[in-house]
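There are two complexes below, and they share chain A, which is joined by chain B in the first and by chain C in the second.
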Partner chain A sequence: MASNAAVPFWRAAGMTYITYSNICAKHVRNCLKEPFKAEALNRENVHFSISKWVDGKAEKPILRSDTPGV
Partner chain B sequence: MFRQASRLLSRSVAAASSKSATSRAFSTELPSTIDSTFVEAWKKVAPNMDPPQTPSSFMKARPSTASSIPTKLTVNFVLPYASELSGKEVDMVIIPATTGQMGVLPGHVPTIAELKPGIMSVHEGTDVKKYFVSSGFAFLHANSVADIIAIEAVPLENIDPSQVQKGLAEFTQKLASAATDLEKAEAQIGVEVHSAINAALSG
Partner chain C sequence: MAMAVFRREGRRLLPSIAARPIAAIRSPLASEQEEGPLGVRSISTQVVRNRMKSVKNIQKITKAMKMVAASKLRAVQGRAENSRGLWQPFTALLGDNPSIDVKKSVVVTLSSDKGLCGGINSTVVKVSRALYKLNAGPEKEVKFVIVGEKAKAIMFRDSKNDIALSVTELNKNPLNYAQVSVLADDILKNVEFDALRIVYNKFHSVVAFLPTVATVLSPEVIEKESEIGGKLGELDSYEIEGGETKGEILQNLAEFQFSCVMFNAVLENACSEMGARMSAMDSSSRNAGEMLDRLTLTYNRTRQASITTELIEIISGASALEAAK
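And then the complex of A and B:
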């Protein structure tokens, strides 16, 4: 059955489904009991290294560790 | 009631004009064998190269839709970081669709349902396992296979009620003080998720 309902409020505010579902997942993770919470937050950490390309050579890579969301 | 109708219709069409390409099989009904005429044609053109592999040769074909409804529902429950249930045969799952809680039994009509934050329970005899899912989708196939995909799913007993109360208070306050539409929507999501967890814990 196709829904004829209005778009969800988060869509109306300009969010994408990915943003919405990531925010939902973040809230759920934050509500966990302690050993599970640290584990879940750790799993969401992102580590990557960036090196800029200047004058035909790669500069020294910078390692970044980001935690998505706030 | 009509779940076999399309199959029966396509069968009668196929019988009437067996050589026409109009009766195209569904992907669930495709055989996993490699097309031999294609392989022969390929060998003529490129004898030194192996013919390319197609998805159907990598993936097992889905079990076909049985004419009688099976007694068990096969559930694949997948998270980005884990495979919670893989091909598990259960009696029933209740999923939190955006249109309301949905009980899925074997022989359910094929549907795609968007999930909202809520309880998903897996019933296996007298054994009931409850998860809290954040959001996602459920794909219910005609052959009594349910693929459920969620971003985050946690067993209900792993949730800390004091954190839920704290979050609910925080986002209710944020919703009242939100200035822009985006802030308001973010706070609204916070309130909805936390009240869903709250309802799940108390209910």
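And then the complex of A and C:
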């Protein structure tokens, strides 16, 4: 119920429900105890590259990755 | 890695095939005699031996790729089957409306980054094109969002003006929900849509993949549809807790539905890719085996023929000497 009051705020900040739920999930994962916490954090690695297309040409791809050094 | 080796091997093999079109198999005698240096009568088996060696190497590589695909498949199959529970409640609540008629459609085509996996990428592209034809029209707009290198390469040829976004390198780490949800978020923010149609290969078994379309509607369209009635009309019978309006709830639901459906679709597609690669590599190692058998037969025949020729020469030489005495 507590989250209901927050709805207009994260919407106003330009977040979608997906971002919001991901942030919540991240907080829950941070509450785990140690061996499980590292495991859960390692599992959720983001890595892909996305590029927008304008007039039939791909723009420079943007890399979304949490892997350091890539 | 294995694929790069395979490609290199293939390139090395191709010119040798092109230069001597199967002549090495069909009539080794004729072709070898033409090629051999003048005055040498014995038949060289070098060419056949070299081809045997390269075919054997290719077979080894395809076998290894099959093993790799099989072990990856086992890992991803369980996850794909578990992820089916994510979209099923959404379909129960909001229904799946592939036939809905809207102004702005976005076709999300899922394919693989790597090749050598049979026809799964061309089938999704075919289905996406069919969807494009079905939904395009005056005052109607269809855009493509392409995931994976392979579909991008095919779509680039004829519908590059309709591509809105392309995504690659999704399979670098093991697929997980966080990754797919960030991707879904990016797609939602970058394209305008009334309906998202996600095209992917649904995994049935190692040899059967169904090209599937999952439809995700925008909250406005859901609201409109539920007012008209029909399958979405039951939506009003649900009670909403808390202070949110129906519109807000629907928006949240639609966004979450998209990321869940995407997650399942990406997993199913990865699973189909591995299965397809497994069967493709299986048949190519079988073909390599057959080719090897044929080449071995040719090789042995040639060898025997050269031995016979030499024997005849010796015997006839000896008898000629005897007759001269």
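One rule holds in what follows: the second predicted complex is superposed on the first by the 39 of 70 C-alpha atoms of A that agree within 3 Å, B and C clash if a C-alpha of one lies under 4 Å from a C-alpha of the other, contacts with A are read in each partner's own complex, and residues count from 1 in each chain.
Here is the rule we use: contacts are C-beta pairs under 8 Å (C-beta built on N, C-alpha and C of every residue); 3 or more make two chains touch, one makes a residue touch a chain.
Note that the structure is a prediction, hence the values are computed from the model and not measured.
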Which superposed partner A:Asn30 touches (first chain B, second chain C, both, neither) = first
Have a look at where A:Ala13 lands relative to chain B and chain C in the superposition and call it first, second, both or neither.
-> first
For A:Arg64, is the partner it touches chain B (first), chain C (second), both, or none of the two (neither)?
-> second
Is A:Ser21 touching the first partner chain B, the second partner chain C, both, or neither of them?
-> both
Have a look at where A:Lys52 lands relative to chain B and chain C in the superposition and call it first, second, both or neither.
-> second
Following superposition on chain A, which residues of chain A contact chain B and also contact chain C?
-> 21-22, 25, 43
Write out the stretch or stretches of chain C touching chain A in their complex.
-> 160-161, 163-170, 172-174, 176-179, 181-186, 188-190, 242-244, 248, 251-252, 255-256, 258-259
Listed in rising order, chain A residues that touch chain C in their complex are 1, 4-5, 7, 11, 16-19, 21-22, 25, 43-53, 55-58, 61, 63-64, 67
Within the complex, which stretch of chain B touches chain A?
-> 81, 99, 117, 132, 134-136, 151-152, 154, 158-160, 163-164, 167, 181-182, 184-186, 188-190, 193-194, 197
Flag every residue of chain A that touches chain B in the complex, lowest number first.
-> 3, 9-10, 12-15, 20-25, 27-34, 36-37, 40, 43
